[in-house]
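To keep things clear, I will list the structure first and then write my remarks on it.
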Amino acid sequence: MIVVMQLGATQAQIDAVCKVIRDHGHEPLVLPGEDRLAVGVPDSLGTDERSSIEGQIARLEGVSKVTQTSSPYKLASREFHRIGTKVTVGPATFGGEKFVVIAGPCSVESYDQFRTSAEIVKQNGAKVLRGGAFKPRTSPYSFQGLQLEGLKIIQQVGGETGLTTISEVMAADMVETVAEHVDILQIGARSMQNFPLLIQAGQSRKPVFLKRGPSATIDEFLLAAEYLLNQGNDQVILCERGIMPLDRAYTRNTLDLAAVPVLKEHTHLPVVVDPSHGTGVARYVEPMAKAALVAGADGIMVETHPEPLTALSDAGQALDPAQFGGLMDALRALAPACGTSL
Amino acid sequence: MIVVMQLGATQAQIDAVCKVIRDHGHEPLVLPGEDRLAVGVPDSLGTDERSSIEGQIARLEGVSKVTQTSSPYKLASREFHRIGTKVTVGPATFGGEKFVVIAGPCSVESYDQFRTSAEIVKQNGAKVLRGGAFKPRTSPYSFQGLQLEGLKIIQQVGGETGLTTISEVMAADMVETVAEHVDILQIGARSMQNFPLLIQAGQSRKPVFLKRGPSATIDEFLLAAEYLLNQGNDQVILCERGIMPLDRAYTRNTLDLAAVPVLKEHTHLPVVVDPSHGTGVARYVEPMAKAALVAGADGIMVETHPEPLTALSDAGQALDPAQFGGLMDALRALAPACGTSL
Amino acid sequence: MIVVMQLGATQAQIDAVCKVIRDHGHEPLVLPGEDRLAVGVPDSLGTDERSSIEGQIARLEGVSKVTQTSSPYKLASREFHRIGTKVTVGPATFGGEKFVVIAGPCSVESYDQFRTSAEIVKQNGAKVLRGGAFKPRTSPYSFQGLQLEGLKIIQQVGGETGLTTISEVMAADMVETVAEHVDILQIGARSMQNFPLLIQAGQSRKPVFLKRGPSATIDEFLLAAEYLLNQGNDQVILCERGIMPLDRAYTRNTLDLAAVPVLKEHTHLPVVVDPSHGTGVARYVEPMAKAALVAGADGIMVETHPEPLTALSDAGQALDPAQFGGLMDALRALAPACGTSL
Amino acid sequence: MIVVMQLGATQAQIDAVCKVIRDHGHEPLVLPGEDRLAVGVPDSLGTDERSSIEGQIARLEGVSKVTQTSSPYKLASREFHRIGTKVTVGPATFGGEKFVVIAGPCSVESYDQFRTSAEIVKQNGAKVLRGGAFKPRTSPYSFQGLQLEGLKIIQQVGGETGLTTISEVMAADMVETVAEHVDILQIGARSMQNFPLLIQAGQSRKPVFLKRGPSATIDEFLLAAEYLLNQGNDQVILCERGIMPLDRAYTRNTLDLAAVPVLKEHTHLPVVVDPSHGTGVARYVEPMAKAALVAGADGIMVETHPEPLTALSDAGQALDPAQFGGLMDALRALAPACGTSL
C-alpha cells in the first residue's frame, strides 16, 4: 500500500499516517519526492488489515490518496500458481488441450424438449449439456423454470446420453439438491456476489462454473472465485458473459473479449465465454464464439433450442439446430490454427 | 409491443410476424409508414407471453426491431396506484411528511460500539438505527460481521433506545432469523436480483428496504420491487445508493440523484438515498445528503461511527459524531424550504 | 510514480526497471515488501517524461503495474492555488458570493424568439443569457443553428438587455468570430477534448465555459481545463452536464452531482451544473437545480424557451416561462440556507 | 415514431398529441391497446421534423414515452445500400477480399524512426502505414507531435516505400493540409463528433478513416459517418477502437468486438478494429487482432515501433518488430479459415 500525501503536507500529518501504520505493528517507509511525499506500507498485510488501514488513513488530514499495490486475490492468482488448472468432468476437460463446448436450451421445458436438445448437442460433438431448471428472471411474471422437475429431467437425460451436465443454482440452501442432480454447478451473473451461495458451493465437491457479473471488475470477479477456492474447492471455471452495455439498441450486453487474455494472464483458472448472453442475438453468436476461440478461451457456452420459435425464455438468442451445426463446423475448421481441437 | 419491419420487408415477412401474433390469440395492427411498416401487438399480454412473442418475432426475417410499449412492472407502478405509499415502522414513516434519517455503523462490532452509536444517532434526532450483522464483502478475507451475535446486539440496543432498527439479510433461508431481531429487512445492492431472497422477503410481514444494484436500470430496480409486492408485501422502501462509476479515482460509485424524481414519478413507493455508499467518502456525504433532501427523497441512510479510525469496515465513508451532528443540523436548516421537517 | 513488481520478480528484472529510471536521470527508490517489491520514481517529472517512463516500464518483464502518484494537472489544481478563482463577466461573478443562473433557449431561432427569451430571463433575475448559434447536432439532418446571424442576434439582444451572453464555439478557427459577439465562450461536451479549440480559446481574452465530456473522468476534465490555463487564460468555468447514462429510458444522461464537491476540493475553478442536459427532461430540471445549489455549485445553466412546443431543438428539456419562474423562486427560497443568494 | 400514452390518458390528452402531428401535416394512427393506447406517426419525416415533433409531444400531459422506429441514418444504412462499399487506396482495398493491416508508430518522431518503422511494416506484408503528426493528447504537457514536419516525413516515406499512408487530422482548417500529405484522413475517437471537421473531411476527396468515440452508441457512430456521406464523400472506413472501460486496472478501454457483426449488418461501410487502443497493452494486441479477423472485420490498425522502449507516446501498447512479425504470421495462418487472405 502506498499513501500519497498532499502537496505541502505537514510533518505532523505525515507522522499521523506513520502512527496508524505502526499501531498495526508495521514499519512505514517514507518515499520522498520533490513536490510531495509518499509513505509505503509493507504489502504482506491480510486483506482485512489492509482495508482497515486504508480506511483509517484515507480520513487523515494531508492525505491525497491511498493505492493498493498487492493483488487482493491470492488463491486465484497465477502469481502463486503458475500452472493452469484443469477441471475435468466426465469427457470434458476445461483448461486442457481441447476447446470445450457447452450447449443446450436456456430452460428445461419438458423431457422431450431437453432430450431432443441433448441429441442435437451430442450429434454435433459438444460434450457438455446445459439447461436451466431454476431460472433467475428479471420479472416475477416470467417463466421461472421447472425447478426440481427440471433437475430430474437433466439428470435423466445426462444419464441417457453420457453428456456432462450443468445447471444453475441460485441459493445456498439449494446447492446440495442441485449437486445431487448435475455434474457442474453454475453460479449466474446476478449471483456472482451472492456470498452465502459462493461459500456453500465452495464447500461442495462439485466443479463450479462462475459467471462474471454485469458490472464486476476483474478484481471483483477473481475475488468471487477466491470465495470458492478459499472453501477448498479448486474446481472453478470462469465465464465472461458480457458486461453492462453502452447502449441496449443492438446487443443485450457488451462482450468483453479482452477479458480472456487478461484472465489467462492473471489467474490459473480456465476461462469460458458465453456469446449467447454476451450479445443476446442468435446471429452474432457464431462470430463471437470464433473470436473467443482465437482469443485463447478454453471453451464457450451457447444456447441452442430444437425450435427457438417456441422457446419459453431467451428465444431471441438461441441457435436453431442448423445454426448450431454451422457453429460447430466453423469452430472445428478454426481450431487447428489455434493449436487446439474440439 | 411494436414490431418495426425492415425497409423493403416482403409481404410474406409481414405475414409471418402477424402469424406469430395470431398464434398467441391476438390480433395484429398493421401501421403503414412511407418507407417501412410497423405491426402493433396489443399490450395487454402477460410479461411471459410478451417476452415469448418478442423473442420469436426478433428471429424472423425482415424484422428490424421490437419495442415494448407497456410498463413491465404493474404493482410498483404509480400508474395503477396514484397515491404514494407510506411505510410506518415505529416512530418513522417513510413517504410521509417527515424526512427520515437512518444512521449507524457499517458493522455491529460490539455491544459497546453499537450502543454508543445508537446514542449518537438518537441524540441527533434520527429515528432509525442501522448496523450490519451479516456483511457482504467483496473479499473472503474481509470482516464478515458478527452474524447472529450481531443481530442480538441490534435487537437489544433497539429495545433499550426505542430506535427502529434495520439490518441486511443476504439469503432466503436467513429471512426469518433476521426478521425476528430487527424492524426492517435490508436487501443490499448486490442482492437486488437474488430472486429467492426477494420472494422470501416478500412473504415476510416485515418492511423491506431494497437497494438498487450498481448496474440496475430503473426498470430492473422496479421489477425487483415487483417481486416483493407480488408476494403480498407492500411495505417496500427503495434506496438509490450509487451506480457503477465512470472512474474510481475520486468516488466509489456515481450517485444517481436524478433517480429520485424519476422514481417518485414512476412508482408510489418511498425513495431513500444512501450518500455514504453513493460516494464512499465521508466529506462528500453532507452535500449529497442535502441534495437528496431538496431533490425530493423521503430520507437518507448514512454511516456513522463513534470512532471511524477504528472501524472494522468502510472506515473511509463513516461520519464521526461531529460530522453527523453537523449533517443533522444542516438538514434541519434546509428542511423547511422543502416543506418538510426531520 | 510507483512501479509494483510481480511476485518473485528477479533481481535482473528489478535492475532493468531501475535502469530506465536512471536513464532518465532520476534515482529509483526501492521499497521492499514481504512478498513483492515496489520501486518509487520521484514525482517531480514532467508529464511527458512521466508518460514516457511509464510506457517503457510497463513493457518490462516482471512488472505488475505502474501507479501515478502525482496530480497530472498543475494549474487547475487547488493544491497549488488554494484560493478559489472568481470569474467576473458583467454583472455576474462565478465563484463569488452569489449563485449565478445562466438561462435561455437551446438555439437562437429569430430576433423575436431570442429577445422574448432574454426578457423572461431578465425579469426572473438571471444574469447570463445563453443561446446557441452554432449547434453541434448528432445528426446532419437536424437544425444546425442560425450561425453568424445567430451571433449577431445574441450580440444585439445582449446589448439591449444588459445581460451577459454566452454561446458555443465549435472550432478553433471560429474562436475569434464568436469572441467578437459574445461575453463568454462555451466549449461543449463533445468538444471537451478538441485540443486545437482549447488552445485557441486559451489564447483568447474571453472567459471560457468548459463542459465535461460524457465519458470524461475528473482527471481528463481538469486536463482539458489545463490546456486553457496553460495558454494563459485563467478565466475558466467548469460545467458538469451529465455523463453517459446507465440506461436511456428515463433520462438523457446521468447527472454526476457528486462531481461538484469533488471538483470544488480538487480545483480552484468555479463549478456550474447544467440540469437541462443532465437529465433531458424539463420536469426534472428544478429538483436537480436545487440539488446543485445545496451541493455547493457556483451556478446553473438551464434551457428555457418562450414556447417550448415550437422549439427547433431540445424541446423536451426546455422550461417554459412559468416553469422557469418557479425554478427561480425555488432557488431564491433555498439560497439563504446555503449562505448564498441569487 | 410511436407515442405511448399513459394508462388512463384522457381523450383530450390523446387529441393534443394528434393535434401536434396534424400541425406538422401528418395523419396520426391510433393504435388501441387494452390498458393503454399508442399513437403512430408516419416515419417518413425528416430527422429535424422528427426531433421537433418528439420534443413537443414528450412535454404533453398523458404521454408515457416516445419511441423512434426509423433508422436515423440513411446514407450509411445497409437498408438503402445492400452491397458493401469498397474503399480502395493504392494497394489496399477496405471491404474487399483481403484483410487490410494498417501499422506504424503512434507518433512520427523522426525521419529515421519512421522510415525504419515503414520498412518493418512493409517487410511483414502490411499495406498501410500509420503515423501521427498532430497528436491529440489528454495532457497539454505531453508530446504533441512533429506537426507539419511530421506530415512531410510521412509523405516522403510513403513515396519511398510505396505504402499507403494515413494520419490524423484534428481540425477543419487542417483538412486541406493533411490531405495534401497523406492518402487517408483519420478522424480520431475524440473528434468523432467534431462536426465542422466531419463536414470539411466530407468535402475533401480523400478517403476518411473514422474512429468510434469512447462513449458513442452505434447510432451516434453511424450518424457521424452520415455527416461525411452527406457531404458527398462515400469513401468512409469505420474503426472500432474500444469504448469506455468498466475499470481501468487491466486495459485502457473495452474493445467492443461485437460491434463488428453489428456494424457489418447495419451499414455497408468497411469496418476495421484497432486492438492497440482497444486494449492499451501490447501483449493483448495479437489475441484481439485475431478475434477481429474471425469476427468479420475488414482489417486492423495496430501500433508498432522499432524500439518501443524509446517511444515518445503510447510505449505500452506498441508492438516491437518481433511481436509485429508474429502477429502477421498468426493472421496469415488464420486467414484461410475465414475465407480471406492478407
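Should a chain be cited, it is by its letter among A, B, C and D, assigned in written order, with residues numbered from 1 in that chain.
Here is the rule we use: contacts are C-beta pairs under 8 Å (C-beta built on N, C-alpha and C of every residue); 3 or more make two chains touch, one makes a residue touch a chain.
Keep in mind the model is a prediction, meaning the values are calculated, not measured.
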item: Subunit D and subunit C - chains in contact with each; value: A, B
item: Chain pair with more C-beta contacts, A-B versus B-C; value: A-B
item: Inter-chain centre distance, subunit B versus subunit C - centres from mean C-alpha coordinates, in Å; value: 31
item: Approximate Å spacing (C-alpha centroids) for the pair subunit B, subunit D; value: 38
item: Centre-of-Cα separation between subunit B and subunit A, whole angstrom; value: 25
item: Overlap residues in subunit C, where contacts from two or more other chains coincide; value: 65, 215, 244, 246-247, 249
item: Residues of subunit B defined as touching subunit A within the complex; value: 20, 46-48, 51-52, 54-56, 58-59, 65, 72-73, 136-144, 170-174, 190-191, 193-197, 213-215, 220, 223, 226-227, 230, 244, 249, 281-282, 308-316
item: Footprint of subunit B on subunit C - complex, ascending; value: 215-219, 243-244, 246-247, 249-251, 254-258, 260-262, 265-266, 278-279, 283-284, 287-288, 290-296, 333-334, 337
item: Subunit D-facing residues of subunit B, complex; value: 2, 4, 6-8, 29, 31-36, 38, 40, 42-44, 64-65, 67, 69-71, 77, 79-80, 244, 246-248
